[in-house]
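Next come two complexes built around subunit A: one with subunit B, the other with subunit C.
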Partner chain A sequence: MSTLETERPTRTPLPRSVTDRSVLALARAEARRLLLHPLVAVAVLGHLAVVLWPGGATGQDFPVLQEVARETQLGPLLVGLATLLAVNGAVLRSRRHGTDAHFDVLVLPAWRRTIAHALSITPVVLIAALLVAGQFAREAVRPGAAGHVPIAELVTGPLLVALLGSLGVVLARLIRSVLAAPMAAIVIIAITFVIPVDSGPLRWLVPLVADEGARPLPADLIGRPAAWHALYLAALAVLAVLAAVLAGGARTPAITATAAAALATTVAAAVLQAQGPSDALAAARDRATNDPSSMQVCEDAGPTTYCAFPEFEPWLAEWRKVAEGVRALTPVQRKITVRQRVHAADGPSSLRDLPPAPRGEVTVGTAWDGTRRLEFAGSVARGLVLDDESDRGVKCDARGIVTMWLAISGIPDGEARYAEARTHITGGGGSILAPVNPIVLRDREYAAVKALLKKPKPEVTRTLKASWPELTSPKTTTDRAATLLGIPVPPETPTDRNWNCT
Partner chain B sequence: MRPDRGTLSVLGHDPGSVRGRTEARRVLGYLPQNPGFHPGFTAFEFVDYVAILKEMTHRGARHAEVRRVLDSVGLAEVRGKRIRALSGGMRQRVALAAALVGDPGFLVLDEPTVGLDPEQRMRFRELIAEAGEGRTVLLSTHQTEDVAMLCRRVVVMKQGRIRFDGTPQELAALAEGRVWTSAERAPGTLAGWRTGTGEYRNIGDPPAAAHLVEPTLEDGYLLALDGVEVAA
Partner chain C sequence: MSGLIARALVRPLARSLPWRNLAAAGALGLALAAVPRFADLEAGVILYLLRMAALAGALGAAFVLDDPSRETTEVVPASRALRQALRVAVVLPALAAWWMALLYVGDPGHRLPWAALTLEAVALCALAWAMAGAALRFTASAAPGLAVGGILLVLFIASALIPPDQTPLVPLGHSNWSEVHSLWTALLVLSLLSWAATTREPTPRRHPAPQA
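Right, the complex of A and B next:
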């Protein structure tokens, strides 16, 4: 039974801009709820905690900015996954609670509500951008920061949030089940962290592509298609939103045309990002590996010359402190060149794959921290004692004792650094993982070094300088060195005899 | 849905066109038969959400309007409470507030009093009566008491066809001379049941010398559904 009462005069039609403002008003309301969603709030606070963590996200005093930029992408991935789940729940809310039928007779149609949900992601994206900027800026302002600012890598984080949020919207429009988003999140985590990094160009289809090298490379040699990947993510996000809007019932030519353009852009960016290194990049990598001097800036300081790839110039003073610290313990005035080297011929790789530097040169890498300082001190000590980086054997004579003592004593916190480094080494003897080839001692020589470290440094330095030619001669035995340096040395054991001395 | 014949107009707007449908929605307030709610929203948030979907974009004005309609349905005190914490009657009032927000010119109330206890139903009738002042109200209901107490015009429909169109009094008059009481159930009646007095109340064509009684709106409704034609 129905009843009807008096009719009212017709109202004046509202302009289209009112509808657009309604979409924005709904987006604001949904954005507020999204930001207060427990998952998003926890993810954002977690990301903020990483940014504000004492010592910084990397914990490094000498961050390489292109590495830092890549590290800023993990936090947004987590925020994005939380956004995916939360916004999916928001779009499905009216279905879950039976308000669809009611809302469908209100003025804003489903497709405009879909746009509002997509826009509601914007504040989360902006917050992620701020957090990324904060995380990066905190590292970039460190006095020891080196490297370039890769904008494309930095925008990847916020774009990840935009893409995953958009995915949450389109999933809700296409699959009306609350299980779809959690399953999608699991798939994304799996393909991001399980697919091996050397799985070829297809890995760039994954939203977040992890680090691919053991050591930092100069920015120009990295060859990551970060800009194309950022475009790929942006186009995919737009495509997801438009697919959701179309699924919501919109059929305007403008939306259809924009969706087609987004699809074309996504495909083009996907293809372009999957292409391997260009010939120019391969040539630059080869030159950096085999002839780095042609790409470097150098600085003379006394008898030592320091050469670095230009973006690592801020570290020259650090290298100089270490090199002068080691040289001060010796009478050597011979010129040496400290050269920064990378192994980039086949993409990023370890310095262990490099051929040794020529005589007169010592190698320093593209990473710098406490452990690297000790390793570099070892590299300088070997240069001063042996002048031969190719010597990769075990030193069973005076030279080994002197080299390791110089490395440890040449830097202020050498013993602590060495003790820290040794926790990662199993087996007997002593070693310092100097660039290219490590410095390795038997137990016997290492015991001599330990005894030497207990003696006052000035006293040892005086003795060392006075007996330098003999102590650095390959003919001087460990026993003779112990006598010269006034330290006890244990007898040679069967284990010692098993080493292959050079 | 398109009309089989004639034209369809909602306060002057043609719901058959996209633009007309949008304009019709702009003047429409709707209370569904089984209204859904977002349980995590407060009463205020839910009505505010509906207000946004009704294109109320100015935040200050919208919030004032939401407070006004919540006050008008007697929910001012609980507007900050989550809907999951409200009783069934309160939720129904939230739904009415959502229908009223924006002061729509045309209000569609689908079975608004179903599931309410008598006290809540009385209170709701007051609200519907207030809501009906100055606007068109379409009350879709099987509760004839609501119709008798609230409506000026009644349309009885069965299977998409109008079986009656007139005032409540005219609908009740449809059963004039067709309702009687008897000691036994009369055969061939449209409906008959024993009342609390022990007598049977019958609806249909009465026998001669039957003891006719005053018909109710419900009697007229049953007869209208059965196909008795009466010109309003």
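Right, the complex of A and C next:
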């Protein structure tokens, strides 16, 4: 029996500058390969296409910047998923090709190669940052843009790329299977888009928290812990890279200490981002919901005053055009306040109805586009005719006909806007989804409005001004209104009688 | 003859299949399908969870045709069609059992159309095998599984980003449901046909043997 003894070759440490240069050279080579990887290229080009899309990603002329900033995060998430898969494949390349053993004789130990792979993500992160900046800038330069620029929401996108890329590196070091990265991508997609995580503290552990489908809020009331979340993502990315470096065999005290610090920062940021809204924020939200006048700026313009949350001031002129257009069709000289209202109690995801304004005020929302113009015209028309936003009932008399005709005729492209909005509403009759309660008509009154819209506007306006008191009195029936306005009206059908008239 | 070869091949093939990948993908699929057990979810959300579980399964299945020994098996008398069919035949019972278990775990109340979901899952697997088959036929790659998985992921994410009226991942109760599922059937048939077409060995032109 004999034992074969092999002597382990000893590494001669190289000067620091040589290894650093080697790491950078490898990082450059890997970065180039990463950018040319089909998945990363497809994701980046797809994101670029969204940024350059004619009309912009949202296609809105009146974007609210705090909303736009949140919308810049989806593209980078997809670029990040592509980076995760590509960088994971790059780290595992030597294993797939059976060349791991050859690398052991090279100057760079595994942990330095890991650092090079982590550094190779940098150009993708920078490209994502440029794309996010481009997407946001395109919306921000629109003349109708309102709102604030939330920096923390904007840096979230590039940080998502950094985090997912680092995750790809650490996965390759911990699980030496190419399947790990696609499985991780599925998990990330599932927890981000499919599994609904309620408003608990766990919600913010997910990389991208969307808060979609709600009406915009003034920036101060949103209360998303975006800055803490950005710190959480950054610390988690650093932690992932350091975990990969440690797994690559670099157990130096400095790296272990930095990893411990990154872990502590991640935990701290995770805890801080999970704190609910502060008392001051809750109070501000309550005030904005129930007593908005104390937080708003107002502009007097003749008999109408326009009040908005300060960051929505650029829209005052837009509201004024609509309100004056509607008022010009009526003889009303009464003072009216147009007030912007929000339901801020639940933060940005709230879908609750806005509280109705007191008499003498009409409500305008925090979004603005063609459809919203019609809805606001409805709000103004109801203010002029009924002066009561809390009334949810169906007006089966002259007032209903006049309100809807005013709303549609008060804006230049009213009929087209109405036809467009109508396609999203089911059920019979006519309706305009005014910001507070919808304005709803039965088929009979809606037929009268359609007949009235066919007549020349100046003629109807003259009749309306002449018979205003009678046409806006609750005692005037639909038949009487039809006679006054000179239009045909169909007889009341059994379906009409089923409506709840007030 | 091919029956004999098949019998001889089954055991070594079964040993060389990527069972660990399949097991990992299957476990992830079951974990996704088990989410509704811990949370009260709408049927529409469970539908997407099961679709993602099916995607996980298809990603695992994409590796089934990977053959690291491709260069040595190319010259054996068993045809490529037979070798690939055997590989799939060996994993198919396991995949079928996994999918049934997944449906029972994810949708015990049978609130979702299982047949349509199964069609989607089978079509995804067939697409994976068709793409892997094409890669083996037209490239020198021995292990196309990873690339095929990447393409499947991209296709899935792209479909999820398309508006509900046009996406193949049609929402539950949408008016396009049956129309979209005939497209899934077409995808399944086309995938199987193209896979079958690519299993043919590229036959080299026969040159007359040089005369001595």
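Here is the rule we use: the second predicted complex is superposed on the first by the 478 of 502 C-alpha atoms of A that agree within 3 Å, B and C clash if a C-alpha of one lies under 4 Å from a C-alpha of the other, contacts with A are read in each partner's own complex, and residues count from 1 in each chain.
Note that a contact is a pair of C-beta atoms (placed from the backbone, for glycine too) under 8 Å apart; a residue touches a chain by one contact, two chains touch by 3 or more.
Just so you know, these numbers come straight off a predicted model, no measurement behind them.
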First (subunit B), second (subunit C), both or neither: which does A:L81 touch?
second
Touching A:T99 in the superposition: subunit B (first), subunit C (second), both, neither?
first
Between subunit B and subunit C, whom does A:V178 touch in the aligned arrangement: first, second, both, or neither?
second
Could you figure out whether subunit B or subunit C reaches more residues of subunit A?
B
For A:L39 in the superposed arrangement: first (subunit B), second (subunit C), both or neither?
second
So in the superposed three-chain picture, is A:L108 touching just subunit B, just subunit C, both, or none of them (first/second/both/neither)?
first
Please indicate which partner A:Q333 is in contact with in the superposed arrangement: first for subunit B, second for subunit C, both, or neither.
neither
In the superposed arrangement, does A:I189 touch subunit B (first), subunit C (second), both or neither?
second
Output the subunit A positions appearing in both contact lists, the one against subunit B and the one against subunit C.
none
Give the list of subunit A residues in touch with subunit C in this complex.
38-39, 42, 78, 81, 85, 89, 96, 177-180, 182-183, 185-187, 189-190, 193-196
How about subunit A: which of its residues touch subunit B in the complex?
1-11, 13-14, 18-19, 21-22, 24-26, 29, 93-94, 97-103, 105-108, 113
Contacts from subunit C onto subunit A in the complex sit at residues 20-21, 24-25, 28, 32, 35, 39, 41, 45, 48-49, 52, 55-56, 59-60, 63, 143, 145-146, 149-150, 153-154, 157, 160
What residues on subunit B touch subunit A, complex-wise?
11-13, 19, 22-23, 25-28, 30, 32, 34-39, 48-50, 52-57, 59, 62, 98, 105-106, 132, 134-142, 144, 147, 150-157, 168, 221
